[in-house]
Each structure stands twice: as C-alpha cells, then as structure tokens.
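Shown below is the structure under consideration.
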Amino acid sequence: MKTLIKLDLDKKPWEQDGLIHNRWHPDLPMVAMVKPDDEFRVECMDWTGGQIGNNDSANDVRDVDLTQVHYLSGPIGVEGAEPGDLMVVDILDVGTLADYQWGFNGLFAKENGGGFLTDHYPEARKSIWDFHGIYTTSRHVPRVKFAGIMHPGLIGCLPSKELLAKWNKREAELIATDPDRVPALALPPNPQSAVMGKLTGDTAKAAAAEAARTVPPRDHGGNCDIKNLTKGSKVYFPVYVKDGGLSMGDLHFSQGDGEITFCGAIEMAGYLDIKVSLIKDGVKKYGISNPIFQPSPLTPTYRDYLIFEGISVDEQGKQHYLDVHVAYRQACLNAIAYLKKFGYSGEQALSILGTAPVEGHISGIVDIPNACATLWLPTEIFDFDLKPNADGPKIYLDGTVDTAKAH
Amino acid sequence: MKTLIKLDLDKKPWEQDGLIHNRWHPDLPMVAMVKPDDEFRVECMDWTGGQIGNNDSANDVRDVDLTQVHYLSGPIGVEGAEPGDLMVVDILDVGTLADYQWGFNGLFAKENGGGFLTDHYPEARKSIWDFHGIYTTSRHVPRVKFAGIMHPGLIGCLPSKELLAKWNKREAELIATDPDRVPALALPPNPQSAVMGKLTGDTAKAAAAEAARTVPPRDHGGNCDIKNLTKGSKVYFPVYVKDGGLSMGDLHFSQGDGEITFCGAIEMAGYLDIKVSLIKDGVKKYGISNPIFQPSPLTPTYRDYLIFEGISVDEQGKQHYLDVHVAYRQACLNAIAYLKKFGYSGEQALSILGTAPVEGHISGIVDIPNACATLWLPTEIFDFDLKPNADGPKIYLDGTVDTAKAH
Amino acid sequence: MKTLIKLDLDKKPWEQDGLIHNRWHPDLPMVAMVKPDDEFRVECMDWTGGQIGNNDSANDVRDVDLTQVHYLSGPIGVEGAEPGDLMVVDILDVGTLADYQWGFNGLFAKENGGGFLTDHYPEARKSIWDFHGIYTTSRHVPRVKFAGIMHPGLIGCLPSKELLAKWNKREAELIATDPDRVPALALPPNPQSAVMGKLTGDTAKAAAAEAARTVPPRDHGGNCDIKNLTKGSKVYFPVYVKDGGLSMGDLHFSQGDGEITFCGAIEMAGYLDIKVSLIKDGVKKYGISNPIFQPSPLTPTYRDYLIFEGISVDEQGKQHYLDVHVAYRQACLNAIAYLKKFGYSGEQALSILGTAPVEGHISGIVDIPNACATLWLPTEIFDFDLKPNADGPKIYLDGTVDTAKAH
Amino acid sequence: MKTLIKLDLDKKPWEQDGLIHNRWHPDLPMVAMVKPDDEFRVECMDWTGGQIGNNDSANDVRDVDLTQVHYLSGPIGVEGAEPGDLMVVDILDVGTLADYQWGFNGLFAKENGGGFLTDHYPEARKSIWDFHGIYTTSRHVPRVKFAGIMHPGLIGCLPSKELLAKWNKREAELIATDPDRVPALALPPNPQSAVMGKLTGDTAKAAAAEAARTVPPRDHGGNCDIKNLTKGSKVYFPVYVKDGGLSMGDLHFSQGDGEITFCGAIEMAGYLDIKVSLIKDGVKKYGISNPIFQPSPLTPTYRDYLIFEGISVDEQGKQHYLDVHVAYRQACLNAIAYLKKFGYSGEQALSILGTAPVEGHISGIVDIPNACATLWLPTEIFDFDLKPNADGPKIYLDGTVDTAKAH
C-alpha cells in the first residue's frame, strides 16, 4: 500500500508541508492526485493535533483550543471527478501507529464545548485507553474491555462555493437566535488557528475568513461520527468541485452511537487505507442528497445486550414533542444510573457509553407526544454479570479509581 | 401453554367479557391472576379492534376511529407484585392466528392522525401483507419479501394514581402550547369509545374521564413500538400498583425502527406466550426509571445494508439544533428518493421503511449544530440488486401496482 | 395455510389413511397433488410413531422397534415434475402441535441401535425436553436452556427404480463385509413393520421387500439430519420419478451437529409449512448430485463458544489416517470430560451435545495423518459460567438428577 | 507492542539467529522468556520459509522441499509454567508485513505431498492473492473477493519426552501398515533440513533424529489449521515442559474449513501479537486432553450461503461406513461441479474452497451407513449471483485466466 500522505507526528499540524487543513473551503488545493481504482494510505493526526496527552490529568481537556479542530489530511484529488459524480470510497483498512498504542476520551468542560450531558457532568474529565491488538482497556475505567471498531469520524469531499455559502447562511441564522448561548448553538467561520493546507498568504486568509468549521456533519458527510464507517465499509460521497477533494481525519478506535461525550470516541492518530473510484453523474442517477454507505462484513459482534429505553420527557418532567434528542438523553441517563449501582462513577459510566460499541436506536417516533429511543449496552464487554437478578446488583468497583480530573 | 385470555375475533372489543381495555387507569380490575413463574398465552386483537379490512381500498384507514385505539388484553395480576418491584416478562413466543394470515400497514390521512412524513404523504393509503410462514409479502408493494420479527407494539403495567396524574399534567401542558394543531400535539383523556375492561357503570365513566390514552410510550413502557421485543426477549417492567396489572396488544408481524408510518408496522391479531416473575424492590435496587430489556437470540439477520444519512437541516433548508427527529426524517426522505429511482412510488417506499426490518441509528448527536441519523435498509429483502453501480439504477416496477387509495 | 396432510396423533401410523410410509420406493402413490408455487401444511408424527412417552423411564427407548422407523408424511406430487428437475422447497415454517409441547432425546442401548458413543455409553437413557415458546429445558438435564432450531431431520423425493437398486447394491456390499456386527453396518430392506402408504396387498408386499430403509441420508437427501434446514431455509431436491414425490418427517425441536445421540435430536411431532416450485432440468443445468440448500435468516445466534478440538487418534491411542469420524468423537469426548467437571453425568453431557445448537466443524483434513475436528459449544445456554479460570471449575450439579434409565 | 521475535525476511530460516525451528522436541531451548500477562509481537515467515514466489509459475510449488516445513518462531518460555498447567494465549492481533502484501495458495503435485483431492487434481498449481486492507483478490481466480480471517495455522507448546515418544510410536505404527504409499500415510522423524533453533552441534543432531515433524495437529495443538484462531480469540494450551515453550507460525490470511488444498490456505509471512498467562494445574482441573479455545468477536460475517451436501459414498459408488472424510470430499466435489457451471476451472474452484471463508460441518454422523457433511459456500464473495434459478447458470468466466501451472 503506497503511503500518499505521510506525517511526522512529532511536528505540529501546521508544520506538515500543507498536508493538513482544519477548515472546509473550495479553494483548498489538492495535496495529491490519484486515479480511479488507486489504493493508498493516508496518515492522520488525532483530531486535536496532539493537544491531549497520555497522562492522568484532565487539564489538557479543560484547556483544549477548539478553534483548532479538526485536523484533516487532504484534500486528495481523483482524476476525472466532476461535480455531480459520486466518489466511491472503499475503506480498506484503518489502523493505529506503532508508537501510538493509546487513545483518549474526554468530557469537555461546559464552558469549553460541553457535550450531550454537560448539564449533568459539567467538569473536564479524561480517560486514557490502551490498545491491545484488537482490544482496548482503560486504567481509568476498570473491568471493561472491548474490540475496537476503528473508523474515521470525519471524511468527505470539499464543498463548492455555493454549498459553502448555504452552510454559512443557515448556521448563521441559527446562531442569531441565541448568539450568547454557552455552549454555542453553532460555530461560525473563524480565521483564528485556521490551517488552510497548501493555501498561503492572502488567499489563505480570505478563505479562512469564510471557510466552514469542521464540527458538524453536513450534506457532504464530514464529521458524521458514524462508528460503522469501519475497515471494510464502502461510502458514496457526492462530488461538488473539480477533482473531488477528499479529506479525512478524526480517527476513532471505538465509539458508541451518538458519540455522546463529544471528545468523543476513543480518539487517536492512525492511518486509513482507501481505494477511490467514480460513478459519473451518480448524484442525479441515484437521487443523492447525503452520502450513503454499505457496512463492513468485519465488525465486532455482540449478542447479549441490556437495553435502556428513554422517552421525550426531560429531567424536569417536562413533556417534549417527539424529541428523539431528549429521549436518547433519558436512555443514556437511565443506563448511567444503572451502571452506578455496580460502583462506576457517573463520569466513568458516561465514558463507557461514549467509547464502547453501544447502539442507539430510534425505536418509535410517531406515538405522540413521546419519541422512544433505546440504548443498547453489550453486557459482554464487562468482566462481571451486569444483568438484573433477584439478589440485586453487586458493587464491583470501590471508587478508588476514576476518570482523570483537572486540577 | 394454557390460554389465559381467549378472544372471539368475530366479536367487537367491547363484547369480549371485559378482557379488553383501551385506556390506562389504576382502577382497572385484574382479568386474571397468575403466580410467579407461570407461563400462559394471551390472545390479542389488532390495535384497531378490527376496523381495517383485507381489501384494496384505504377508506377504512382514512375513516379509522382513533378514539378507540389501542385495544389491549389484560390487565393480568401477578401474585405478590407490589409497587417498586420489577415484573420480569419473558416473551416466550409471538404468533399469528390460523384464520388471520395477513396484516395491514397504513398511512393515516393528515387530518386523521397523520404520521412522521404526513406533510409529504398526506393521503390515506394501505398495503396488505400476506404471511407465508416466517415471511411476508404484499400485493401492494411488489418485489420485497422479509422474515417477520413479531412483537407486541404495546405492553406494560398499570400506572398508579400518582403516575397517571403526572402523565396527564405534563401532556396537558404540552397541548396547551398549541391546542388546535393538526395533527394534535398529544391526546388528552377522552371518555368517547373508552373500553374499561371489567369496570362498569359510574366507576367506569369516572375512570374513563381521567384515564390515559394508549398512544405514547411512557415511564411504564406502554406503546414503545420497539421491534426488538420479539419472541425470546425478556423485559423488566416497573410495578406501580398491587398485583402489577400487565396489559398488552398492538401486535406487529414486522416493523422498521421508528414505525414511521404510524399505522404503523404490519399490524395484526395474534397471541403472546409469556412467563412472568418478580424482582422484589427491583426498581430501587437497579435504579430503574423506564423498562429495560434483553433481546432475543432468535431475530432475523441481515448483513448487507444500504445506509442513508440524514442531518438536522430540514426540507426547507433550515438549520435545527441537534434535532434527531429532523435528521431521521431526512434519512428517511433520502431513502425514499433512492427507492423511487427503481420504480417504487413514494408511498410504497414509505411502506417499506415502516414495515421492513429497517434500523434507525442515532449516529452523532454532539457535533453542533447537526445531529446525524442513519437509516439502515437491508438490501437482501429485495429480489433485485439495490446497490449503486456505474450504470445507474434500473427501473424494476412499472407503476401499475401501488398502495391502496381511498376513494 | 391449507393443511394438505392432517394426522390424528391418537392413532397409529398405519391407521392414518395411507398418509404415512416408512420405506423409500418408487411405486408409492402420491397422497396428494399440488401445483408449483402452492403453499401448504404437512403434519408429521415423531419419527418412532409415538413409541416414546413423556415419562421418567428409558424402557421405551431400550425396547424401541427400529424396524418401524422413520414414519414419513407423503409422498406429495408436484404437477409437472419430471426426473432431472430440481424441486425447490421453501420451508416456510416448522411448528409444534398444541397438545405436544415436549420432545425426547434418547441414547439407544448398544444392542438396539447404539450411537456415536455407544462404546462409552451403552445403556438406554432418555431425557424429556419441555417447550416454552422458542425455548426448551429438560427436567433431566438441569441448568441448560436454549432456543430451538426446528427442522425436519428427514426430507426428500422418491428414488427411481434405478436409484433404489444402486442403494441396495452398495449397502448390501458393505453389510457383507461384517454381517454380524452389532450395531449393524447398515440396514437392508426388511418388510417387517413396513408401512407402504397407499400401496396395499401384494403390491405393497413386493415393494416392502425391496424398499430402502429410511435411516441413512442418500443421494436424494433423506435423513440428512441437518439442523440448518430450519424455518426460512430453501432446499433444491433432485427429482427422480414423475411428480417428484416429496416426503418428510423426523421433526426436531433442536439438534447439535452430528446428532450424536442417534435418538437423536429433541424428537417431536409437529408440522411443516412448505412451498414447492420447479427448476426444469435443473439437475443437469447445475451439475447436482445431492441436494443443495440455502440457510434461513432466522436462526438462533450465539457469540460465545467454548471450542473443543479432537484429532484422529482414538481412545486407545491408535493413530488413524485423516479420519474425521474419530477426530470428532475425540472432540465430543473432550467436551463431555469438561462438562463432567461441573457436575454433569456423562449421559447428561452427551444429551446436551446431541440436542443443543452445537456446531461440528471439519477444521483440518490434510495434515497427515491427523484430521482435526472441532466441537463448538455455546456457553450462553448454561445458567452458569462455563469458561476456564484460575480457580478451576465449580460443581453446579449435585448428581441427584440424571437422565432417565431403563429398569 | 514489544517485538519479542524479530526476523529478517531477506535471510533464510536457518540464518535467523536460532529464532526459528521446524521440528518439535522437548530439548529446544527457549529463545526468550516472558512473564505471565506480558504482551508481545512475534514475527513469522511463511510456512515454507520463502520457497514460493509471487509469480505466474507453479514450478516452485511442484518442487517444494517438504522436509523443511513448517518454519516456526519460538519456543517462548513463560516464567512459572510447569507441566500440567494451561497456558492461556490471547491472540490479540494477526497482521501482514508492509513489504509482503500478498499470499499464495497451492495444489501440491500428487508425487510431492498431494492433498485432499489429489486424485482429481494431481498437478501442481498456484494462485497468488493480493491483499487490499482487510480484503483479498487473486489475479488467478477472478470475480471473487473476501475479507480475511487471519490466523496462525500452527501454534502450540513443546511436547515432553514422553509425549514425543507416544507420537513417534503411534505414527510409526500407521506408516508400517503401508510404508510405500504415495502420498505417505505420515511423516516420520527426518533429520534432513531440520532446523533446531538454538540447539547446535551433536545435541541438535540427536534431537533432529527423533524430533516430531510439524505437519499433523496433535495433542498439544500444533498444526490444527483452525481458521477461527483469529485475532481476538483465546486458546488454552496444555503445558508439557518447564516454561511451556510456545511456538507458532504458518500464518494464513484466510482459509476454508479443512484447508483442503493442503498448501493450503492463503499462506503468508506476518506477525502475531499475543498475551500469555497461566492456569496452574489447569489440565487436571478441567480434564483437558487437547487445547480448547474461544472465538473472536471480530470475524467476517456472511449470511447467504449455498450449502452442498455430501454422503459417505465415494466417487466409484462404494459405500463407506459413517466416513466423514469421504462425505466431506463429496460435498467439496459437488461444490466444484457447481462452480464449473459458471466458468471456473476445477483448480480455480478448488482454490476458492481452500482459501475462502468456507465452513465445513459434520451434519449427521449416526445414520448408518452414511455420514452427512455439508460445505457452506458464502455467495456474497462472488461479484455475480451464484444461486440457482429457473434460467440456469450463466457463464461468467471465459477460461482465459486460470491458476498458474508448472512448466
């Protein structure tokens, strides 16, 4: 496998010869061109570009500079790709790097990014996950071990000027409804810390001023954080600019559906082996608005789950109308309450839900006024029996070990 | 297997000797008592109590009386059950009835119930699904066939007075925010068409006036429409009243995650074989707010899916904040647009998404401002190749067959 | 589903209006004719025709009359079927009968049939298995419970005269090599107890004198005892006589690969729902010698197995040449030795291997002189932890309960 | 992951500083010592030590020197291991080497090793398989692609003197029954080409004269060729000598059950990441005769198989008694006959059965006189529809491409 993008992880993202960018903009020059059916390797930094360390303090998570994220490798051009085509991306492999056999999961402080349960767990926290071949364990979250489902959290093609303008407009309108909210409703273009790949000088500055941030998933895919885009899967991306411009990063060793801890999954540096090809005019032929994909035949399999239900009544007892966000939050809180009965701290339980191969299902979405969401927790990842029985739960953790705090 | 509740499907729900009710109220008398570890059969009508016929007109779907639904069998008491216990329900089997080897799927008219995509498909429509052993096909939706995953859409224990009051209060507050909305935001207590089981006379009238409607899933479970509560699964229900009072109904031969057509899955009459037992004081022991469950080792398995992404930008291009409801709607609309390229009508495609073993995942829910939902469509249920290729889609249906319309 | 063959289980096999036969012969008249694409139900007796009772004595297993077996329902003719066609049989459903919610597993006495491990377990033994919806348990084999994978042990089309002659010749030649062996090497035609369906008088007698016994699987399929021919599977059978003549029986609620107890699986009466169609001239088109089939999407799933290896060195330490029979026997004996450490008797362990969803794999068959076979035992069917750990096994059974003996 | 055994693949096996051996003997010195719970990497040559090239001629397969095989890395000692313990080996990962992104599959000539179907396919043939991340394809076998299930074909602990003597005795007795057979019945000790690791001089010579060949699986495991010992599995090996002495090699990218081509699977060089621990006195505690193991949660999943049956009647029509070897051979021949209808040569079909994730099941083994074996061929690995239909098979290969021949 030819390495198309080779990084030096001892250097900063902006010292990588323009192979990395952290904004979406149509003018980003291709860092390499490939032909249809080419196979090649792309190395990626972790999404923060190395801001988080393998240690027992969450200071770095607390102080993370979110204007920097996400650091992506690319864009890569495919000869012959034109707007309206589908770029078919086979994710042939995803792997770790020999000297980076660990990843991190963090809870952002409410003041700095927050997350799905930030009102319940507002402090910065961190857990480090060591890799053991296909498995991972954490010294901060004992008695749980699972096989990874490695995937890029973020992958997609460059937007066109028109698409970029549409993104900026609709997100600005949302922000305008509550511009001072903490955490923010959305992140507008921000030239601070922008890394614009091979663009330099005034062109780079101009692009950075209007370039889209990388946080949300959008029409082109992007930061979908879909755990099933793992090695062996195949994705069909809409092409918006000449040559396509495929970029990728934010690799995860494992993630639960929803990536509810925001920072996020088990975040890591690593590599992707991919193959690209084209379906000419595929967007129109197949009526595509967002990427579609096929899963891999090689994913970790679990059979025995404990499944938690949540409905769209919030923590204060207020009734929401078919709101799956609220319903899934309740399912997650229910799972956390359950795990705490076995001795886990809330933050540890949350870390498990964010990193382990947890499934989040939209179970019912029409039975007014309650949506019903379910969280599927594989019991086989615990080294004790998690299922209910007549004797009640046994406490397996004595509280001496917890996720790392800031101090 | 002893038949604890035996119905006569030639009779109306209210002619079944008080074995059926269609409201939730703590005063509903037990129709039978069982002991822990008992195993028994419960027969159930379809959720409408026989309002929908096996024919080619959607008039009955258009005119359905929703004040009647859902017709439930029970409540069944378990000796020794007390508030705070967990009632453990093993769903040993779910089956069809010899003379009812068919089910229905409907799109309600927007004026009469609507559904998840009612703004796109506002007309009443119906498809009839014939059962062939474990499989089903529809004369209204050609070229698709799948194994059922039979389950009760609705099952749970009677609420206490306090819980009922809480439900009524929070739902009334929601309704008050837009009382004239069509479809309604929620359904308040309504004595019209109430069937109160063994309650009679003034007691029944008084109960019906405050009894909760059966449509939404709530804290006790109820109408969760979770397709995975299939034969072989095990559910832990909170108990709120003496003897528990377990009721069930709304059987489905198959359903997609979300039950997006509202009427709904493949709806059918049938039976449940269940076993009950108790975990004394289990609610507190395990910190339970909503039912939890374990899936079955016996569920239809698919490997090859086409997966559609949706983000929380609506059909008008408006940006919503981490709204999974909107995101899943986009994923569904994307799947429908795709299926139409092969010749299905929009209503047929919608019917497939509502009935087939489609998975709906909450993939990303923290990447502001976009939630990302995915709809997993098993390609193996089609008798043609549904996957994208360079040649573009082939039209396999000529439009001569469609879902049944009202006229 | 139309019931094509309806039995009265209170009557003997030979009192069923000629709907049952227990020998293979081309002259057996069709008991019913169907058209291609017809769907219908066929009821079946258990393979012994009711010789084994739901009780706690193995006397009936010890004294079973094996000249009677297997009692089959059919043959059923398919209009248009001709020799050389493939008869496509969809096994739409397999079910139990309302009044027969139990099955039996037996170890035949070495003097009367024996079995795979008859030198180790020569006594007649019996275990009764109760059905609980999709699950089964046995009062004779505690602490194990599993979902059934119901299937016909025996199904196939009538042989032609030529095929029958070939069978009789090759089996006679084998018997001639050791005619007095106990158990016998093979079973020659035997008119005693022959039930010849709709054939009567001298024709029946003549046919019975040369008809093939039903015990072995042969070119046409027959007694393959393949547990995966379960509800939802599809089989392609070669047709040898006009109209095909499909017969079936020997229903199993569950069985392990190899059916190593001979009597055999969890044997039961029940029904099959099937659909038939034809591929004209399919035998030649596809180069078919034996039936081929496709599995069901609906089979019990297990993830956690304990896998036992066996090699082709026998119990006396003798080396055999790539003999999978010997290797699988060692794998089975290894599993039994292991299960005994937890308190099971050898016969109980054997009963588990014969009935539970155990897989038997031919793992290596070229590494002279040893074949390697593996037996896959799903650990999830036990209600205790079966896996090795540093503390050694715990004894969970105190020996007070065992399989039923003869007396 | 620390690399415990690092090889130089440009050198010969006997030039690797004694890190490699190709015979089993108790006196082989440990090449390294580890502690219980250590995790480490072991590099392995391909089983032939580099005799087979990535080219289009089968000359190397024809001329392979089988006195050399198998080249194993080790033995590795575990501190504290004593005879009677169980050595628990977690196979954390199995991987390819950066410069060796290919493997080979060969049919040995009948005169030089032969194989399972050597009477049908007696010529030397070869196919080269290229790796594409988790997938593999072959330029010699078009239109088939599958995910690998990488595993060591050979792994186990050193035998004791007593065990070695037992092996040599029983195998010699078998050879003596037909000493001139081609291929041989078994392979006696042979000092020619013996590589004895760290043993040197006369000690090495003496050991080589009695050391066991590596071809067969034996009591200690060894060359089991079990495809399910893949990354993520856990094996319990009996310990026979002080420190255990774990050796491993014969890595496969993928293999079908039975490894029916002998040479064999997709053979490759690569690495294993393993973790070792001990269960003291585990052999007795658990009654272990052969290794037992648990499978991985991460294995390629297929749902749609075409399953071929075989019974123990051989190609000449001769009846064998419950002979699974014969039955599985028939199942394989049936599958080959079928595949040829689509245009594959017999050798190509055989190569598919040897390399692809084909399952071989012992389906029935008690129905005298016929064993029934089944071969499960996943249809999803072909890029065309392999299933029978009314139109008959379509020829997808024109015969211009075939496996490589010798010349």
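We just call them A, B, C and D in the order they show up, numbering each chain from 1.
Keep this in mind: a contact is a pair of C-beta atoms (placed from the backbone, for glycine too) under 8 Å apart; a residue touches a chain by one contact, two chains touch by 3 or more.
Chain-to-protein mapping (UniProt): A, B, C, D = Formamidase FmdA.
Being a predicted model, the structure only gives us computed values, none of them experimental.
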{"item": "Intersection of the contact lists for chain A (Formamidase FmdA) and chain B (Formamidase FmdA)", "value": "C, D"}
{"item": "Equivalent interface positions on chain C (Formamidase FmdA) and chain D (Formamidase FmdA), same or different at half", "value": "same"}
{"item": "Mean-CA-position distance for chain C (Formamidase FmdA) and chain B (Formamidase FmdA) (Å)", "value": "39"}
{"item": "Centroid distance [mean C-alpha coordinates] between chain D (Formamidase FmdA) and chain C (Formamidase FmdA), Å", "value": "32"}
{"item": "Chain B (Formamidase FmdA)-chain D (Formamidase FmdA) separation of Cα centroids, rounded to whole Å", "value": "51"}
{"item": "Residue list for chain B (Formamidase FmdA), restricted to those that touch at least two other chains", "value": "297, 301-304, 380"}
{"item": "Residues on chain A (Formamidase FmdA) engaged by chain C (Formamidase FmdA) in the complex (per definition of touch)", "value": "301-304, 380"}
{"item": "Of all residues in chain D (Formamidase FmdA), those that touch chain A (Formamidase FmdA) in their complex", "value": "1, 39, 90-93, 98, 101, 132-135, 147, 231-232, 273, 275, 296-302, 380"}
{"item": "Footprint of chain D (Formamidase FmdA) on chain C (Formamidase FmdA) - complex, ascending", "value": "86, 88, 115-116, 166, 170-171, 173-174, 183-187, 215-219, 221, 223-228, 236, 257-262, 264, 279-282, 285-295, 297, 303-311, 313, 317-325, 328, 330-331, 333-334, 337-338, 340-341, 359-374, 376, 387-390, 392-393"}
